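In the two complexes that follow, subunit A is the common piece, with subunit B as its partner first and subunit C second.
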Partner chain A sequence: MTTEAAAEQARSRPQWGRALRTSGTLIGFLAIIIFFTINIPGTFLSLPNWLNISQQVSMLGVVAFTMTIVMVMGDFDLSVGSMASLAGIIAALLFRDSQPVLAGVIVALAVGLLGGLFNGILVSYIGIMPFVATLGTLTMFNGLAFLLSGGETIFGRDIPADFSSFARGGIPIGSVGERTLLFPNLTIVALIVLALVWLLLEQTTLGRRLYAIGGNAEAARLGGVRVRLLRLIAFMLTGVGAALGGLMYASRVASANPTQGAGLMLDAIAAVFLGMTMSEEGEPHVLGTLVGVLILGVLDNGLTQMRVDSYVREILIGAIIVAAVTSSSLAKRGR
Partner chain B sequence: MQQTPLLTIRHADKHYGATAVLVDASLDLLPGEIHALMGENGAGKSTLIKILAGVVAPDRAEIHLNGQPAHIHSPQAAFDLGLRFIHQELHVVPQLSVAENLFLSHRYPRRAGFLVDWQRLNRDARAELAQLGITHIDPRAHIARLSTGDQMLIKIASAFVAGDRTPPAIYIMDEPTAALTGEEVSRLFGVIHKLKARGCAVLYVSHRMDEIFQIADRVTVMRDGRVVGTQAIADTTTEALIRLMTGRELAQAYPPREVPPGDQVVLAARDVHSDHVEAINFELRAGEILGLAGLAGSGRTELLRALVGADPLRSGEIQLNGELLNDLTPVSAWGHGLAYVPEERRSQGLILSRSIRDNITLPHLQRMSRGGVMLDRRGEEQLSSRVGASVRLKAAGPRQITRQLSGGNQQKVMFARAMGQTPRLLLLDEPTRGVDVGAKYDIYTLIRQASSAGVGVILASSDLGELLGLCDRILILHERRQAAIVAAEGLNQHELLALCYGEVTS
Partner chain C sequence: MRRSAVIAISLCIVMALFGAAVMAQDAPTVAVITPYLAQPGTQFIVEGFQAAADEKGWNVNVIDTAGDVAAVISRIEDMVNQGVDAIVINVDPAQVAAGLQVAADAGIPVFGMDAGSDPLLVTNVTSNGYAMAAETATYVADRINCTGRVVMFVFDPYPPVQKRGIIADAIFANCPDVEVIDRITPDVNDGGIADSRAQMEAVLAANPDAGSISAVWAAWDQPALGALQAIEAAGREDEGIVIVGIDANPQALDAVAAGGNFEATVAQDFSGIGAATADAMERMFSGETISQSVIYVPTVLVTQANVADMLDN
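Our next item is the complex of A and B:
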C-alpha cells in the first residue's frame, strides 16, 4: 500500500469507533433480552414465547420491511396504516358478498398497489413532498375505509373460516406437553417478505439504484438512473406491503375495522430508524429494520408480561427510539 | 531585520491510528506576507489548516501568535484569536441578503435594543465592501440572485468583517479561486493586496502555479505529511515546485497529441436551443478534443447539460454518427455511449455515501448485471479495480466509501465511471477543479489516451491554459450563445480571454 493509500484509509477513522457506532443498537437489543430473561425467568426465553413474538410482530414486519424500500430513497409513506385498514375492509366486504377468499385477497392487494401508484404519482411525477402527499392519502384511505364499512367492524360469519384459520395455523415443529407447537403461518409470510425485500434491495440493480437515489438523487439522474419511474415503483411496493400487512391483521383478529391498521405507520417508521442506526452511512437496510421490528416486538411482549401499564410502555418504547437515534447521531458528529 | 511572526506552528504531528498524516510540520507567517502552501492532495495541507482552525486536535504542536503561546482548541477559539478561514466551497445562506450574509458571524446593529437596524446594516455592509474594492454589488440584493463568483466574493468578504471585535490579522484561504473566473480572481487579489498593506498575513493554498507566482511572497511545499521546503517565491520556479511536490520530474504540463484526430464526424449539433443556451452549431470529429470556453455563467455547463439530455432541447438537433438522437435523457445518453462528468462532484457527480464500485458501475448496471436484474458484484468489482487502476485511483479497494477519498481521488472515480464501458464521447465539465498537480497530469493523460483511441471529447474549463494545452479547437460561449469556434494552435491565453469577454480579434 502506498503512503497515500494509507492516508486514505486513515481518513476512514479508527475501526473500534465504527464498530461501536454501528453495533450500539444491537448491544441495546441484547441488553433488553438479558433484562427480560432475568425478570421473567423461564417463560421469556422459551421457544413458545419467541414463536408468539414472531407472530405478534409479523404484520409490523411486513409493513416495515416494505417501508424500508421507500426510506432507502430518503422518502416516507405515512399512508401505510390507513392502507392496511382499507385493504382489510375491502377483503372483508368481498367476503360478505360471498366472494372466494383468493379473490378478496387479490383485490385487496391490488388496491394496495393502486394506492401506492397514486402516492408514487403525487411524489414522483407531480413533485409533492412525500410527507405532505402521503399525509393527504393517509386521510383519503382512512375516509374511504370508513365510508365503505359504514364505520363498523365486519366480523363473525362474514369472515370465512378459510381466511381466519390461516393466521391461527402453522407448520407443526414439535410439542410442549399436549399442545402442538406451530411455526406460525404469519411468521412464514413475514420471513418470505423479508427475503424478497432483502433480495430486491441488496441483490438487484433496482435496489442499487434506489440507494443511489437516496444518496444523491441528482447525481443518480445524471448517472443514468430513471429516478421518477423507480420512485413510483418503490411506492407501489410499499403500498402492496401495507395491504398485505392489513390482510394479515384481519386474518389474525378474524375481523376488519377501519382503524385497525392505525398504529402500524409510526411503529414501521420507528423500526426503520432503529435499523438505520446500525449502518455506517445511516442508510436503511432491511436486516437493520428486522432488528428494529424485533426490538419493538420484544419490548412490547416483555413489558406486557411484566404487567407494565400500557401507557408507560409507550413512553418507554418512545424513549428507547429517541435514545438509539440520539446516540447514533452523537457518535457520527465526532467524525 | 528580523520580524516577529504573526503566527508560528512548530513540530506539528498528527496520526490516525498507525498512519502519520502530519510529521514534524513547521511554518511561520510574517506580518504583511502572502504565504503560499502547496502540495498534492493528501500531502497534509488540510490537516495543518484544520489544526489552526481548531477542528483537528494535533498529537503535538507548538503554536505562537505574536510570539505568545496559544491554544486553539475549538473553531471559536481560532475566531477569537483573529484567524479567518476561507474555503473553496460556497457556504452562504441563500435566503438572506448580501448584507445579512456579510455580517452573519457578528451581531447585527440594533435599534431600540432588540430591533435590527436594517439601514445601518446595509450602510455598514456597503462600507465594508467598498473598503475591499467591491462596489458592483448592492448589499440589499438577495444573495441567491448573484453569480456564483459574486457569492464567493461575498463569502470571502465576510471573513474580512471585523464587526465590533479586534480586526482579524491572519487569513487562511483554501483554494479560494477554484470557482472564480479571471475577473473575479483579480478582484480577490486586489482584496488580498489591501490586507497585505494593512500588515495582515495570508496563508494561501492553491494548486494554480500562475496564481502563486503572481501573488505570493514565500511558498511552503508539503509532501507525505512533511514540510519539504520553504522558499522566497523569487528564488524558485514552477519546475522546482513541481519537483518538490511530487518528488519526481514532470516532463511537460500537458501530454502532447500523438495521433491526429480522424475525419469522421461523431457528434453534430445543429442550431441547438435549450432553456439555458442558444444557437449552438458545431461538429466534433473522432478523437478530436473540443474545448468550451467562456466566463462564469456563459453557458459552458448548460451546453454540456443539453448535450446529455439533462436539460431538454427546445429546438435543433443532435446527431451521433449521423443518427439523430431523439428524446435525449441522461439514461439514453449513457446508453448511446455519451459519458458525462459533471462540474460539481458533490452535488451532481457522486453518491458519496456509497462505495467506489457503486459509483463507477451506476450507469453501466444494465449491461453489468445478470439479465439486467441481478447484481454481479464480482464482475463490478473487477471492472472497478481495472478502470480504477487505469485512472491511478488511490483507494483501499472498490468497496471503500467514496466520501472517505480526497477530492482528487473522488474526481478520478467520476472519470473511472465515464471510462467504465468504452465511451464514444466524453463530456467533461471542469475535470481538474480542486485536483493536485500529479492527479491533474494523470487526468490530462487519460483525456489524451481517450482521444487517441478515437473518442470525441468535449472539455469545458475555466482554466485557459488547460484548454490551450489539450484542445484542438475551442468553442467560445458568450452570454449563453455560441460566439466563435477557433483553432487552439497559435492562440495564447490573452487572446482566448479577450474572446471570452466578447471582444472580436482581427
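Our next item is the complex of A and C:
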C-alpha cells in the first residue's frame, strides 16, 4: 500500500464512522416508513396520507422549530404548551368581543412575545435556571389561561368562521376521485416557520452566535457576544412560536380551551432531542428537529392505522425515542 | 451502529407482532375516538359499545387522545384514510368539525355517543334531558300531592340544562296548588354547590315558618346538594322538604342513600348509550337509513328503593 492510499484510507474511515453515527436516526425513520408501507399497503404511502401527516404535525412543528432556537444555547422553555393555550384563549376572547380576526391573532402573538420576554428576563438578566424559570411561567401562563376563560372552552358562534376555516383550507393541488386534494394552510405556515428558523440559525451571524453560546457561554461572552441580549431574543422567538402554534391549534379545533396546548411541550422537546442525535456535535439543528417531528407524527399516524392500542402506542413512541438517543450515544462512545 | 440496527430490527419485530395480532378478517371495522376515556361516564359508554360490538363480531379500535381534541381530528383523518366502516366519537362535534368534514367527503359514517347533535353525524345517541326533568318534577309533584311551595334551581344560559327547567315549569304549572316561590340561577363558577347553598339560606330566611317550603327542584345535582346543606345547617331537615337533583353524581347518590331530604336524582344509562349506538350502527350496516338525528336512551330515577344498586355499579 502506498503512503498516499494509506492516508486516503485514514481520511475516509472517520468519515464513514461519522456518517454512521449521525444517520442512525434517519435510518430508523426510513425503517419506520418501510415498515408502515408494508403493513399498511395502499394508504400509508399515498399523497393524501402525507398531506394529512403534514397537517397533523404542523402545530407541533412550529413549536418544536422555535424551541430549537433556545435549545441551541443549551436552554429549555417548558412554558410553550401553556403559552399555546393562553394564546388561543386570548384570541378567542377577543373574537367573542367581536374584534376582527386579524386583531385577535396579532394580540395573541404579542402576548407570546411578551411571555417570551418575561422568560428571557428571568433566565438571562436575573439568572434563574431555565428549567426553574420556565416551570414557574408554565404555571403562571396556565393559571392566566384558566382565569381569563373562567375554566371554560370557548367555542361555537364565538369563534368566527374566517378563523376556523383557515385550518380546514389549503391550496388545491389536484384531485383524488371526486375529492379535491388541498395543500393544507397549516402545513404552509409550518414550512414558512421552518424556513425562517433555518435562515436564522444556519445563515446569520445571530445564529452562529447562538451556537457559540451553546458551545461555551463564557467563551462567547469573552469573545464579544452579547450573551444576555441574544438569550433574551431567543426566548422571545420561542414565545412567539408557542403562541402561533396555539393559534393554529385553536383554528383546527374551532375552539379554545385553557389546557389544549399542554401536550405540545414534551413532544416538542422530544422532537428536538431526536434531531440532536443526527448531529455530530450533538447540537440541535432545525432540520434535525423536522425529522424528529416527522418521526413522532408518522408513528402516531401509522400505529393508529394499524389499530395499535393507544396506550401501547404511547409506550412504543417513548421506547423509540429512548432507543434513538441510546443508539446515538452508544455509537459516539464507541468512536 | 450495529447496536442501533439491532434495536431498530427488534422494534420492527415487536411492531409486526402487534400488527399481526390486530389485523385480519372481513367483519366491519369501527373506530371509537374520544379524548375523555379517563372519565368514568365515558368509560362506561365505551365499554357498553365494545361489549355490544364484540357480540356482533366487529373489530373495534378504541383510541384515546388523552384530552387532546386536535388529536381527535388527526385520528379521524387517519381512520378515514384507513377506510374503516364507521367512526364513533365522544366529543363536541363542533370542535372536531374539520375531521367530520373529511369523513363526510370520504363517505364514512360518523356516530356520536353522548356527543351533541351535528348535521355531519349519522345520529347522536344520548339521554333525553326533557325526560330526565319530567322524572324528577313528577316525583316532586306526586310527593307533595300537587300542593305546596316549590323552589327551583335552573340554569338557562346552558341549553342542555335550560330544557330541563322548562319541563319542570310545565309540570308545576299543571298543578294549580303548586306555587313556585323562587326560580334561582346560581353562580356556577365555584362548582355550583356553595352559591346554591347561600341562595337557599336566603330563601329559608325569607320563609321562616315550618312547612312554608315544600320542595326544592334542582336542574342538576350540585344546587340540590347546596340546598340540602342549607336546610341541614338551618336545622330544618325535619320539615319534610323534598329535594331532587339530576345526574346521579357520587355525592348525590350518597345523599339519597343517607335517607335525608335529598330523595331522588336521575342516572343516565351510560353503557346503554354505548349499546344503543352499536345497534343503530348495525341497522345502518344492514342498509337501513337512520332518520333520527338523535336517539335517546332511557334514564333511571334513583330513589331510596334502588340507590344501593347504583352505588354497587
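The criterion applied here is as follows: the second predicted complex is superposed on the first by the 321 of 335 C-alpha atoms of A that agree within 3 Å, B and C clash if a C-alpha of one lies under 4 Å from a C-alpha of the other, contacts with A are read in each partner's own complex, and residues count from 1 in each chain.
Here is the rule we use: a contact is a pair of C-beta atoms (placed from the backbone, for glycine too) under 8 Å apart; a residue touches a chain by one contact, two chains touch by 3 or more.
It should be emphasised that the depicted structure is a prediction, and the values quoted were computed from it without experimental measurement.
A count of residues in subunit A touched by subunit B and by subunit C gives the higher number to C.
Of the two partner chains placed by superposition, only subunit C is touched by A:V253; subunit B is not. Of the two partner chains placed around the shared chain by superposition, neither subunit B nor subunit C is touched by A:N185.
By the document's definition of touching, of the two partners only subunit C reaches A:R307; subunit B does not. Touch criterion met: A:N52 reaches subunit C, while subunit B stays clear of it. In the superposition on chain A, A:T137 makes contact with neither subunit B nor subunit C. Residues of subunit A touching subunit B in their complex: 1-15, 203-209, 211-212, 214-216, 218-226, 280-283. Looking at the complex, you find that subunit A touches subunit C at residues 20-21, 24, 27-28, 31, 35, 39-40, 43, 46, 48-49, 52, 55-56, 59, 150-151, 153, 155-156, 164, 167-168, 179, 249, 252-255, 257, 259-260, 262-263, 300-301, 303-312, 316, 319-320, 323-324, 326-328, 330-331.
Of all the residues in subunit B, the ones that touch subunit A in their complex are 15-17, 19, 21, 42, 224-225, 308, 310, 330-331, 333-335, 340, 342, 347-354, 358-359, 362-363, 365-366, 369, 372-375, 394-396, 400-401, 403-406, 409, 417. Those residues of subunit C that touch subunit A in the shared complex are 1, 3-5, 7-8, 11-12, 14-16, 18-19, 22-23, 29, 31, 59, 61-71, 73-75, 77-79, 81-83, 92, 94-98, 101, 105-106, 189.
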